[in-house]
Structure formats: C-alpha cells, structure tokens
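Structures for review follow.
Two complexes are shown next, each including chain A; its partner changes from chain B in the first to chain C in the second.
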Partner chain A sequence: MKKYGIDQGLPRPDAHAKVTGKARYVNDYHPPKMLIGGIVGSPVASGRIKSIDVSEARRVPGIHAVLTADDLPGPNSMGIIYDDQPVLVKDRVRMVGDRLVLIAGETREAVEEAKRRVKVDIEPLPGLYDVTRALDPDAPVVNGDSNLIREFKVIHGDVESAAHDAEITISGEYHIGGQEHAYLEPQGTLAFPEADGSWTVYVTAQCPFYVRAAVARFLKLPISMVHVVQTVTGGGFGGKEDYPNEPAVCAAALAKVTGRPVKLIYARDYDMQVTTKRHPMVIRHTLHARRDGKVVGVDLEILVDAGAYAGLSTVVAERANISSVGPYEIPNIRVSTKVLYTNNLFGGPYRGFGAPQVAAAHESQMDRLASALGMDPFEVRRINGVSREHPMFASGENLPQAHIYPELLDRLEELSGWKQYRNQPASSGRYREGIGIGTIIYGVNLHSGGQRLDRSAAYIIVQQDGSVNVAVGVTEMGQGALAAMRTMAARALGISEDLIYVTQVDTNQVPDSGPTVASRATVSGGRAILDAVSKLRPRFLEVAADMLGVSPGALDLRDGVFSTSDGSALVSWPEVTAEYYVRRLNPAVVGWFRSPDREYDHDTGQGRAYMFYAFAGHAVRVRVDTETGKVDVLDVTAVHDVGRVISEVGIEGQVHGGVIQGLGWALLEEFRMKEGRMLNAGFTDYLIPTAMDAPADIKMYFIEDPEPQGPFGAKGIGEPSFISVGAAVMNAVYHALGTEVDILPLTPENVWRLMNRSAGNNAAREDEK
Partner chain B sequence: MMDISFKVNGKELHVSVTGNESLLDVLRKNGFTSVKRGCSEGECGACGVIVDGVYLKSCLMLAVQAHGREVMTVEALGDVQEPHPIQVAVVEEGAVQCGFCTPSRILASYSLLQNSPNPSDDEVKEALDGNLCRCTGYVKQLSAVKKAAELIGKEGEA
Partner chain C sequence: MKNVEKFIRPTNISELLEARAKEENNILLAGGTSLIFSKDASVRTIIDMSEVNELKNIEFSDGKLKLGAMVTMTQLRHRSDLPVAIRNAALSVASTPIRNVVTVGGEVMRGVYWNDLPVALMALDAVAVFASTTGERAMPLEEVFSLHPTKTIRPDEVLTRVELTDYMRPAAFHKFSKTATDYAIASIAFSARSFEGSTVREPKVVVGAVTPLPRRLNDVERLLSEKGESALEELETLFSGFKTRPDFRVSAEYQRNLMIVGIRRLFRAARDGGEE
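Up next is the complex of A and B:
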C-alpha cells in the first residue's frame, strides 16, 4: 500500500526499454564510417615533456589521425572556470593520465596498437602528493603561480572571544577520503560533423549544455550550430557534470580532423584514473562550548585536494565551506576553506558536493562534545540545532524551514530504536556493537555563487489527440527525472500520466537550463513545467468553456475531464484538444524558472546562500570485529525533509542508493595512491558495495512539510540521501569502540589503526603514512 | 582470423574473429548491444550472457570458445510487448534506475530461477553478487527476484 507520492504509480517511462536491453547508451550507436577514438595519457604525475614521437603510431594500418598538442584544430584550453587545463599537454605534465595524444582509427584494435607505438619521453619533476604541504614554501607549484586556487570563508561573530569564554574546547583533525563515482556506464561521446556545417554530439552526461558550450568553443562555432543529444545515461552522481566536456572535445577534435564520426569510450581503468573524484579533505575542526552543551564558537580550516586542475573544485568547496558548520545555530563562526592544487587525482563534483566530508567532521565533533559532557548525542543536537526559536544558519540567514530540524531529530530517534540500542551495555568481547547518527542541512539548488546558471526550461506541446510532449532541460541519468517530470506535468494539467511523453535532453529542443546537479532536477524542472502549464491551461479552459457555453472561470480540468463544479457540463480533454487544433490555436509554450536573486558576501560567507534548505539524518548500527577491524552494518535509518514526495518508488530508490553508496564511501572505497597514480583503478581492486553488502534493513521516513518554492511543495533528495551516512557510520564506530574516529574510509586497516592508537600507540597512524 | 559459428537467441551466427576477441566484442559488433561493456575484466557483470544454460561474463570468454554453442542474451527473454515475468517484476518493483546493469542482472536472475525456483534471500544475494549496481542499493533488485519467482510459479499453475 502506497504511503507517499502524488504520482499514479505507473512504471517509470524508461523501464521497459531498459529491462529489454533496448535502451541505447552512447556506445550503442554506430553511424556509418564511424571511427574509434583513443587517448594516450601520461604515465607519471609530474614531469616535463621532452619529446613525443607519433611517427610509428601514424603508420599503423587503419589509423586516420594521431594528434598532439601541435595538431589540434582548436584552442588548446579546457578549464571550465579557470583557464588552467589544456586539451593536450604540450609541455608540463601535472597528473597521471594527462592527455598527450589523441588517436582515431577504424577499429579498437588498431587504436590500441597505435597507442602502444607512441613514444613519450618525460623528464620527471618533483610532485606534490600531500595536500597539507601544498602551501609550504618548498612545495612544488603544481599549476599557475600558487597551489592556492581559491579560499572561501565564513566569518560570523567573533570566534576569538568565544574561544576565550568557552568552558570546553573540542578539537579534531579529520582525514576524509575521496571516492570514485563508479557509474556503471563509462564516459563516452560520439561526435560528428553534419553536411550543413552543424555538429551533432551524442554524450552520456548530466549537463548537455556544458558539453555544447565546450564543443562550440573548441570548434569556434556558434552555439546554435552544435546539437548535443544526451543519450540514455548510465549513472552520473556528479561524475558526468563537467567531465564529459573532456571526451566530447577530444572526439570533436578527431572528428574535425578526419571529417568522420568519432566515438570515444573510456576503458574502466583509464576512467577511474583520470576522471573527477570526490575530493579528499583534511578538516581541522574546533568547537568551543559551555558546560551546559551550548556551542558558542566554531573554528574550521578545510583543505580541499583539487588535484592538478581546478575544474569545478572551487564550486564544490563553496558548498563545503558554508555547509561545514552543520544544522546548528552557532553565534561565532570562522571557516577557511582552501582549494589546493596537488598532483593527486582530479577532484570534482560528487553527490553531496563537498558536504559529506564536512558533515563527517561536524557530526563527529558533536558526538565528541556529547561524550565529553556526558550527554546524549541527540541532546547536544537539540541544544544547538536550528529551530523555530533559533533559526540562524551559518550564512547569517534565518531559515523559514528551521522548525523541521527538531522534528527530524524526534523521528530519527524514534525510528532507529535509539534509546534501546544506545543504552545497551557496552560489550567487551571480540564483536562490539554501536549506533551513531549524522544530521545535515542541505541547500537545495545552486549556491548563490552559481545562481547565474540557476534557471530551467520546459517546452510543452499539446497534440490534437490530447497527448502531450514535454521537453525539459534537466537530465535523466538514472535517478528518475523523466518519471517525476511526467507526474508533475500530468498533475498540473489535470490529465492522466500516460498521455505525457517526456524526452531526454536535446539542446535543440529547449533553452539552456543549467546543469542537472545540486538535487535541483525536480525543483527546477518542475517549476518550469508549472510555469508552462500555467500559461497553457487557461487557453484550453477557454476553448472548453466556449464549447460548453459556460464561462472559463466556472470550469476545472481534472482527470482528463473539463467540468463545472456541479458536474452539469462535461467535455473530455481530447475533445477539447481536437477542437483547439480546428481553431488553429497555438498549442505550445516554453515554461521558465529562475531562482530568486540572492545577495551573498563571498568574503564573509554571509547572505542568502541557497534558495531553500532541506534537512536529513541517518542512524547506522554497526558491529565491529575488534580482531580484524571489519565493520558490518546491521541496519540503517534515514529520515528526510523532502517537502513532498512525488513518487514513492522513486524516492525509495534514491534513499536505498544513497545509503549504500554512502556505506561504500565510509567502509570500503579507498584510493590506493602512489605518486599520483591510483594503484587500484578498476573494479578488481576498487571495491564498491555488491548485493552481499546491502544491509538487512533500511528504514525510512519522509517529513512532508511542503516547501512554498518547490513544485507541489517538493525539495530535492538525490544528495541528502547520501550526505550524512558517512558521519553516522563514524559515530557508530565511535560508540562501538569508544575510540575517537577521525578518518574515512573505515577500512579494516584504518579501524585497526584507530584501535591501536587508543591503546596508547598514538604514533601508529603517523608511522603508517 | 577464424571462422566460427554459434547460435545467439536461437539464430545461427557465422563470423570471422581474431584469436583474442572476446565473446562480448563479437556480440556487440553484431548488434547485440544489450550486452554492456562496463569494465572488460570480469568484475562489473554488465556483460553477462547465458551460454549453454550457464550464466557467465562474456568479456572473459573468447569468442572462439563460443563456437558450436548456444548463447542467450536478454533480447531472447522478452520484449516490450511480451516481457518475461522477471522483466515484469523488475519494472513493477522499481528496480531499474540507470539501467546499464539491468539486462545482465535479469539474465543472472533467470539463471538462478532456472536452478532454484524459490530461492532464499541469501541465494538471491549470492546470485546477484557479481552484478555491480551503483544506483539502486540492490534492495529493490532483491525483492524483484522474489517477486519474479512468485510470478513464474503462478504462471506454472495456470
């Protein structure tokens, strides 16, 4: 029995194509005369190119193009915000896998053979592999003039005086690991010139409009001449936000030179090595508090390991920066978030966008404070959390949603069985059980720093038979956007969902709608649909009223029937749409959404950071094997402030997926690094959760307190489903072992180190580094 | 190059292959694109097919090894008009998100249910352990297999 949702309960529109294997991903397209693309990447993370010899590679039969930096048919510049990244490296290598040569050939085998025959001579240079050393005077400068790409701050009140007045201070340095997206479909693009001089690009991507801009810029074409089609996309999670620009530009370069379609699909090991990752962060976090549990100040320094190129790291860091205080009203705040170049993996967007790392720190700190004061973790959160009486976020803004956080705590405490499990006598045997929580605040949609992109379109055409085409600018990447759009369009119009057909993003069909990120698809796509419907619906009501001889104001359209309130006059939706066409009226409209303008001071982090906020909380129960350090998850509870559920099946899928991905990050997934090389690039050694790792139970509860700015009251869910999972795992292990936890992932090795350190061997972790 | 022939979904396929081409390569080249390339090292499971009744990963099998054998992909199981009960169950349970891992997981489930019509929860988990999914958290996939077992059981009674 359905508990939640405004949908009709239909299967998602792409389900049948996917279960029958007919859904076409980018690698499933084979236009005539297509060539296969390939990339030769640098084997070292830091060095200077002495020579690249491609003469042998060019002689391989079936090879049509071998391009070095000197042969590129467009500007050799790739950075999305900073101009710090080439398409092909000419001189200085800064990361393992840095592109040196592009190849196009008839077959994959020919391309592989040509790759093997490229001779590269690189003089190794000292690299920077430890982000905490990035600003040392003797640290190698990775890119530009300084390793500091940008610093973000939050300054609120006076943290120095809070420190002075505090009765207790809790400090920790947290080393939080990165994460590979591990979307099952690797990166890929198919690019080709059309006969009329325009270009078509098929791509697996979250942000087709980014791809279009990048390709148009590279080919020096007007934006209108580049047609980007988002193919069925096999997972994104942030990994297909900005990164697809890179394979797209490479494929376009090869297609430009050869005049033929070029498809470039990444092999898994290359994909893992070079594409963007969740940023590893080092977080130095100090809480100043009173003995009654009230936190009076927070002082934070966050080091973000961006890798060798800025990419979108500054944007990620801006969210980390303002999210780092958590869902608490703290009167004195100082945060410094430094985005730093290193020769490590390329940092970028990943579900949560910097928030999970800072949540791991702020939630661990809250539990340490609770422990120091002999309080329950829920109690310190109730004392410090935002509420109707204390609605202030770190940005200084008073949150209209603040009253939801105390409710979330109540629900989480109740549903997780907290009182029972938390008060179990501590076990002393080999296996120790614990329960921990993590709670977060999440700014839905883009940060004010990116508000110029926070817009969205919906193009709706009503056909004569009553069916409806909806094209939106937000993408389906697996999360269920098509289904959500279909539901919202049907509900808003007042007709059945099976009349609505929603297309994947095609840049020729809808205006640039910004990126599909920041849990914004439902909100921004939905608002654009509502805008379109608000313009379309009156036109049809007018025709229906005319047909019935009543006034339009007397009519409503519901469940596909126009009727007066007393039911005396009735006409069906298809009868009206047919008549509408007979009358030759305009059946199409573009709906538009733009988020409200927001003032925000980037020097102090004060102002209106986001359009609105959502809260989330997780409770995780674990059992730790103290002999091996292995952590097993017994159950998980998720409570989400979602405004309104659109689809129950859809939202459950998001929560399940977010939880398991969060558990993977917290327990399994670790970059094994050596001088910038990911030693475990591939699914054989980079372990993500399998069916065997699914916990027996994931309990969930959705608080439905409608958000006035959300369509049908809805907020986003994609990222909140992930963000506080890691923090809850850390606190559960802390509870189980009684040992402070300041590292993620909690692999058996790391848990074992933590246990050893608490046994008096404080040097253990330092030694192991 | 070697000339080989094998059956795919009941139809004979005659192809010339090199000695190092995988079954995955050859299937995809011949239009069986429901078989996905996710890693090429036998870990992700997106390339699963059934060969002579046994579920296996086609990226780890040389095409020449398929000579004379019968290969089944998800295309043979059912289509949009007439889906197989497993496909129905996967759709109804909402066990599809991005869909890239879906065709091979359905084949892994089919193989399981052929051998064990009423599998326990643990059996289902073990059977799907080789099919990575990054979207769904597996929960709905496990319930879909149980539901499929029910649907197939009912079909048998009818």
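Up next is the complex of A and C:
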C-alpha cells in the first residue's frame, strides 16, 4: 500500500532499458567514419613545458590528427566562470592530467600507440598541495596572480561582542575530505559536423546547455548551429555539470580538424584523476554560547581546495558559505569562505554543493556544545534551531518554512529510537556503539548569485490519439526526472501517465533551461510543465464543452474523462484530442518557469539567498571496533521536509542513494595523494560501498507541508538526501568513543588514530570561561 | 598475450600434463581472473584446465584432505565439513562472481600479496602436489612460498592438488579490509596442535598482504609456545621493528596494529572453536 506520492505507480520509463542493457549510452553510438579521440595528459602536477614532440605520434598508421596548443582550431580557453583554463596547455602545467595533446585515429589501439610516442619534456616546479599554505607568502602561485580565487562572507551582527559575552566557546578545525563522483558511465562525447555547417554533439551530461555554449564558443558558431543531444546518462551527481564541456570541446576540436565524427570516452583512471571532485575543505569553526545552551555567535573560516582551475568552485563555495551556520538562528555571525588554487585534484560540484562539508563542522560543533553543557544534542538544536518564533536564517531572511524544523527534530528523535540508543549505548568487548544526528537547511534551486540561470522550459505536444509528448530542459541522469515529469504532466492534465512520453534533453527542442543541479529538476521542470498545462488545458476544455454542448466552466478533466460535476455529460480525452485535430487547432505549447528575483548583498551574505528552503536530518547508529577503528553502520534514519512527494518509489530511491553515497564519503572514500597524483584512481582502490556494506535498515519519513512555490507543493530531494549523513556519522562515532571527531572520512586507520590521539593527549578543547 | 597461437582444452590429467610438457611457452588457464590482465608476449599456448574434472574434487582419503586445483572458492565456502579457517579464507576472496571462478590452484600459484587462501592453508601445514609426465612431487606450501611460486614450480609441472593432514586442529583466519569485496590490507591465519589452559602447543601464525608473500611468523610462534596466552600482551614489542610491505592505502604502523590485533583474536578464536 502506497503511503506517499501522486504518481500512478508505473515503472520508471527508463528502467527496463537500463536493467536489460538496451539503453544507449554515448559509447554505444558509432556513426560512419567515426574516429576515436585520445588525450595526452601531464604526468606531473606542476611544471614548465620545455618541449612537446609529436612527430613520431603523427606517423602512427591510422592517426588523423595530433593537436598541440598551437594547432587548435579555436580559442585556447575554456574556463566556465574565470578565464583561467586552457583547452591544451602551452607552457605551464598545473595539475596531473592537464591536457597537452589531442589525438584522433581510426582505432583505439592506434590512438594509444600515438599517445605512447608523444615526447614531453617538462621541468618540474614546486607545487602547492596543502590548502592551508595557499596564502603563505612563500607558497607557489598556482594560477594567475594569487592563489585566492574569491572570498565569500557572511556578516551578521557583531561576533566580537558575542565572543566577549559568551560563557563557553567551542573551537574546532575540521579537515573534511573530497569525494569522487564514481558515476558508472565515465565522461564521454561524440561530436560531428553536419553537411549544412551545423554541429551535433552527443554527450553524457547534466547540463547540455552548458555544453552547447562551450562548443559554440570554441567553434565560433551561433548557439543555434550547435545541436546537443543528451544521451542516456549513467550517473552524474554533479560530476557531469560543467566538466562535460571539456571532452566536448576536445572532441569538437578533433572533429573540426579531421572533418569526421570524433568520439572521446575517458578511461576510468584518467576520469578519476582529472575530472572534478567534491572539494576537500578545512573549516575553522568557533562557536560562542551561553550556559543555557543558546549560541550567541559563530565565527568561521572555510578554506576550499579548488585545485588548479576555478571551474565552478566559487559557485560551490557560495552555497557552502551561506550554509555553514546550519539551520539555526544565531544573532552574530562571521564567515569567511576562501576559494583557493592548489595543484591538487580539480574541485567542482558534487551532490550537496559544499553543504555536506560545512554541515560536518556545524553539526559536530553543536554536539560538542551539547557535550560540554551536559545537554542532549536534540536539546541544543531545539534551543538554537529556527522555528516559527525564531525564523531567521544566516542570510537575515525570515523563513516562512521555519516551523518545519522543530517538527523534523521530533520525527527524527522518535523514528531513530534516539532515547533508547543514546542513553544506553550497547558496548561489548572491543565494540562501542553510538548514535549521532546531523540536521541541515537547504536552499532549493540556485543561489541568488546564479539566478540568471534559474529558468526552465517544457514543450508539450498533444497528439491526435491523446498521447502527449513532453520535452523538458532538465535532465535525467538516473535520479528519476523523466518519471517525475511524466507524473506531474499527467496529474496536471488529468490523464493517465501511460499516455505521456517524456524525452531526454535535446537543445533543439527546448529553450535553455539552465543546469540540472541544486535539486531543482522537480521544482523547475515541474513548474514549467504546470505553466504549459495551464495554457493547454483550457483549449481542450473548450472543444470538449462544445462537443457536449455545455459551458467550458462546467467541465473538468479527470482520469482521462471530461465530465460535468453531476456526471451527466461525458467525453473521453482521446475523443476530444481527435476532434481537436479535425478542427485544426494548435496542439503545442511552451511552458516557462523563472524563479523570483532575489536581492542579496554579496559583501555581507545578507538578503534572499534562495527561492525557498527545505530541512533534512539523519540519525546514524554505528558500532566501532576499538581495536581496528572500523566503523559499521547499524541503521540510518532519514527525515525530509519535501513539501509533497511526487513518487514514493522515486523518493525512496533518492534517499537510499543519498544515504549510501553519504556513508561512502564518511567512512570509505579518500584520495590517496602524492604531489597531485591520485594513487587510487580506479575502483579497485577507490572504495565505494557495495550492497554488502550498506546498512540493513534505512528508515525514512517525509514531512509533507506543501511548499507554495513548488509544483504540487514539492521541494527537491536529490541533495538533502546526502548532506547531513556525514555529520551524523561523525557525531555517532563521537558518541561511541567519547573522542572528538574532526576528520572525514572516518576510515579504520583515521578512527584508530583519533583514538590514539585521544588516549595520548586528552586535552579538552572547550575553553570554558 | 598478443602472440598466443593455440588454445588447448584437455579433458583429463594425462592430456593436461602432456600438453604442459610439449607445448611451447604455454600458460595455464584456471579461473582466468589474473590471466585476463597478462601482457606476457612470450606466451604461445593457453592450456585451459576447465574440463579436467579430476581437479575439481574435494576428497577425504588416506587420512588427508585433498583439495583439487580447480576447486573454486565458492565450493570451499559451502562445504561445512571443511575447516572453518579454510571456509573463511575462501569467503574472503573478492565477491561472489569472482569466488565462482577463482580456484585453489590459482590462489596458490598466482603469488600475489593479497591472496587469502594460501595464508590459511599454510597455517594448516598444507602441501602442494605438483605433477608432470614423469610423476608427482610434494612440497610444503611454506617452501612453495620461499620464492615466488612461479619459481618453485617447474615449467612442465602443474599444481594438481593441495593436501592437508592434521586439518581439523584448532585454526582460524581473518582478513582485514575496508569493504566486503576489498582486497586484504592484512590477512592472518592461526593454528595450533592443541590448547591446554593458557598454553598452546605448536602454534602456527601466518600473515599475508602485509608481506609480499604469505609468511610464517616464527618469532611470534616461539613466544606463544613459551608463554602461552600471556605472550599476546608482548606482541607490540615483538612487532615494533617488523618491516611490512609498503601499502599506499595504510601506514606501516597501522599494518602492525592489525597484525597484533589479528593474532590476539585468532588465538582466542582458534581456542574457542574457530569463528572469529
């Protein structure tokens, strides 16, 4: 029996093809005369190129193009926000894998042979691998004039006076690790020139409109001449937001030079080394409070390791910056978020967009405060959390949704069995059990800084037989967008879901709808569908009314039948659509959504940051082996403020995925690095949880308090399902061991070291006054 | 293996040994999980052992347990009449699809540091039986691993089985890894002739993954023989200078900790019935 959702219970439209192996990913396309592309990357993270000799590579049979920076048929720059990244490096390499040479050949073997024959002479330069040293006077400058790309701030109240008046201060420095997206389908593109001068690009991507802009810019073509088709996309998680621009431009460069289709698919090790990652961050968090538990001020410095190029790091940092205070009303706030160049891995978007890292810190600080005051972690959150009476977010906004947070705490406490497990943690022999929570506030859709992109389209065509084509500008990447769009279109029209066919994004079919990120697919795609249906539905009601001889106002369309309220006049949807075509009426419409304009002061972080907000909380129960440091997760409870559930199966899948990916980040996934090189680039050594490692029980509860701005009241779920998992794990381990936890991931060795540190040096960090 | 010209699939041991003796630069194909990565250009012939059914048996005869070279980890894992240490080691190997193909012969002869099964077999004094057209010869696993096993076997020989004599003595095995399918950070096996109170007779301690090949820890065994259970508290000193195989995943300090923890646990597990 379904508990949630407005869907009709159909299987996902993309499910069958995916599980039977019939879905066509970009690597499954083989147009005639296609060439294979390849990239020669830098073996070192920092160095000056003395020479690149490609003469031998060009002699390999079957090779059609070998391009260096001097041979590119377009501008040698591709930064998405800052103009700081070349397509091919000409002089200075800044990261391992930095592109030096592009190759196209008849076969993969020929391309690999040509790659081997490229001779590169690079003079190594000192590199910067420690983000905390990025602003030292003697630190190597990685890119541009300074390693500081941008600083974001939140200034609210007077944190100095809060510090002066505080009765207790809790300080921590948190070292939070990055994360590889580990999408099953690696990056890939197929680009080819058409006979009429236009171009077609097939790509695995979250944001086909970004790819279109990048390729058009490189080829110096009008946007309308570049046709980007999103192929079935095998996972994204943020890793296919901006990064696909890079392989797409490379494939286009090779296709331009050769005049033939070029397919460029990344090998897994190269993909892991060079593509964007969740940013490692160092977070220095000082919290000032009174003895009654009230937090009076927070003072934060956040160092974001962007790697060698800015990419979208500043955008990620913008969310981290405003999210860093958490779901609390705190009167005095000072946050400084610095985005810094290093020669480490390339930082970028990843599910949660900087919020999981800062949540790890703000939630750990809350638990340390609770511990120092002898309070229950729920109690300090109830004292400080936003509520109807205390609705102010860090941005200075009074949140209309603030009343939901206390309810979320109640649900989380109840469903997780908190009182039992917290007060009587089971311990036997070498094992210690613990339970911890993490709670967050999440701004749905894009931050004010990106609001120019916060738009979305839906193009709907009603066919003669009553079937309906829906094209939206938000992408399916495995998260269930196609199913959600189908449900919303059917529900809004009043017909069966099996009449709706939703297509993957094709940039020639729909206007630029911005990126599919920030948990915005359901909201922005859904709102565009509702707008389209609001224009379309009256047209059909009018025809139906005419057919029945009643006024349009007397009719409704439900379950595929037009009827009057007393049921005296009935006509089916297909009968009306057939008649509609006979009358030669316009059966198509474009729906549009734009988020409300938001004023926001970037110097102080004050204003309206997001369209609206959602809350989420996780409770995690762990068992720690005190001899080896291994942490086993016993169960997880997730409570989400979702506005309204569209699909029960869909949202459960998102929560399962978010929790397990979050546990992977918190417990397993780490970059083993040596001077910018990822030593564990591959699934043998970069470990993500398997089904065997997943907890047996993930309990979930959805608070349905409809959001007026969301379609059918829905909010987003993609990112909140992940964000507070890591924080909850840290607090659970803290509870189990009584040892402060300031590092992620909590691999067995890291936990073992924390225990040893605690045993050897038990100095409390609380600086009580 | 780009120069392979011939693929042979013998159906009995004599055909197998014949092919092994005759075919130029041949290589044996058992489960295939490592052969698939081979780039050995000198190989001309692949001898597939998958249809030699005599190698797929688990036998109890002549007072011995005999594990055929083509017995898979899945077979071992599901046999409740086998020593727990062996079943646990078999279960530790990778994931179900891989356990379905990985063989006893492959685990022993591959000689990769993370192989789990040889650690347990060595602690139980297993003996490898190599066969050729001229006959059989037996070699204790400890001797097999004195060099890389590809150097202890002659080119015309095939490992046909592994034999264990005192196989039901107290023994235990454990693999330390981060996930269910991860390869070992450390694997440890322990066995003893018997326990009497806190003393132990003829303890055997073998480690893998922390060393390039499975290795018996004679110093630890000696200490346990002398002091019994109380020796477990002296392991830190004993291991302080132990040189581990460098592993980019973990520090040497942590590897040593796992060995100490593992030996303590397995000593008690073996004494108490084998389940760690």
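What we mean here is this: the second predicted complex is superposed on the first by the 755 of 769 C-alpha atoms of A that agree within 3 Å, B and C clash if a C-alpha of one lies under 4 Å from a C-alpha of the other, contacts with A are read in each partner's own complex, and residues count from 1 in each chain.
One rule holds in what follows: a residue touches a chain if its C-beta (ideal position, glycine included) is under 8 Å from a C-beta of that chain, and two chains touch if they have at least 3 such contacts.
If you're wondering where the values come from, they're calculated on a predicted model, not measured in any experiment.
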item: Touched partner set for A:T628, first chain B, second chain C, both or neither; value: second
item: Partner chain(s) touched by A:P11 [first = chain B, second = chain C, both, neither]; value: first
item: Touched partner set for A:Y25, first chain B, second chain C, both or neither; value: first
item: First (chain B), second (chain C), both or neither touched by A:T684; value: both
item: First (chain B), second (chain C), both or neither touched by A:S387; value: neither
item: Partner chain in contact with A:M477 - chain B first, chain C second, else both or neither; value: first
item: Partner, of chain C and chain B, that touches more residues belonging to chain A; value: B
item: A:M692 touches, of chain B and chain C: first, second, both or neither?; value: both
item: Which superposed partner A:N445 touches (first chain B, second chain C, both, neither); value: neither
item: Shared contact residues on chain A - chain B and chain C; value: 684, 689-690, 692-693
item: Chain A to chain B touching residues, read off their complex; value: 11-12, 14-25, 27-28, 108-109, 181-186, 232-235, 237, 265, 267-268, 477-480, 649-650, 652-653, 655-661, 682-684, 688-694, 698
item: Contacting residues of chain B [partner chain A, same complex]; value: 18, 25, 33-41, 43-44, 46, 73-75, 77-80, 83, 87, 90-92, 94, 96-103, 106, 124-126, 128-142
item: Parts of chain A lying in touch with chain C, wherever the complex brings them together; value: 627-628, 630, 668, 672, 674, 679-680, 684-685, 687, 689-690, 692-693, 747-749, 752
item: Complex contact set, residues of chain C against chain A; value: 95, 176, 178-183, 248-251, 254, 257-258, 261
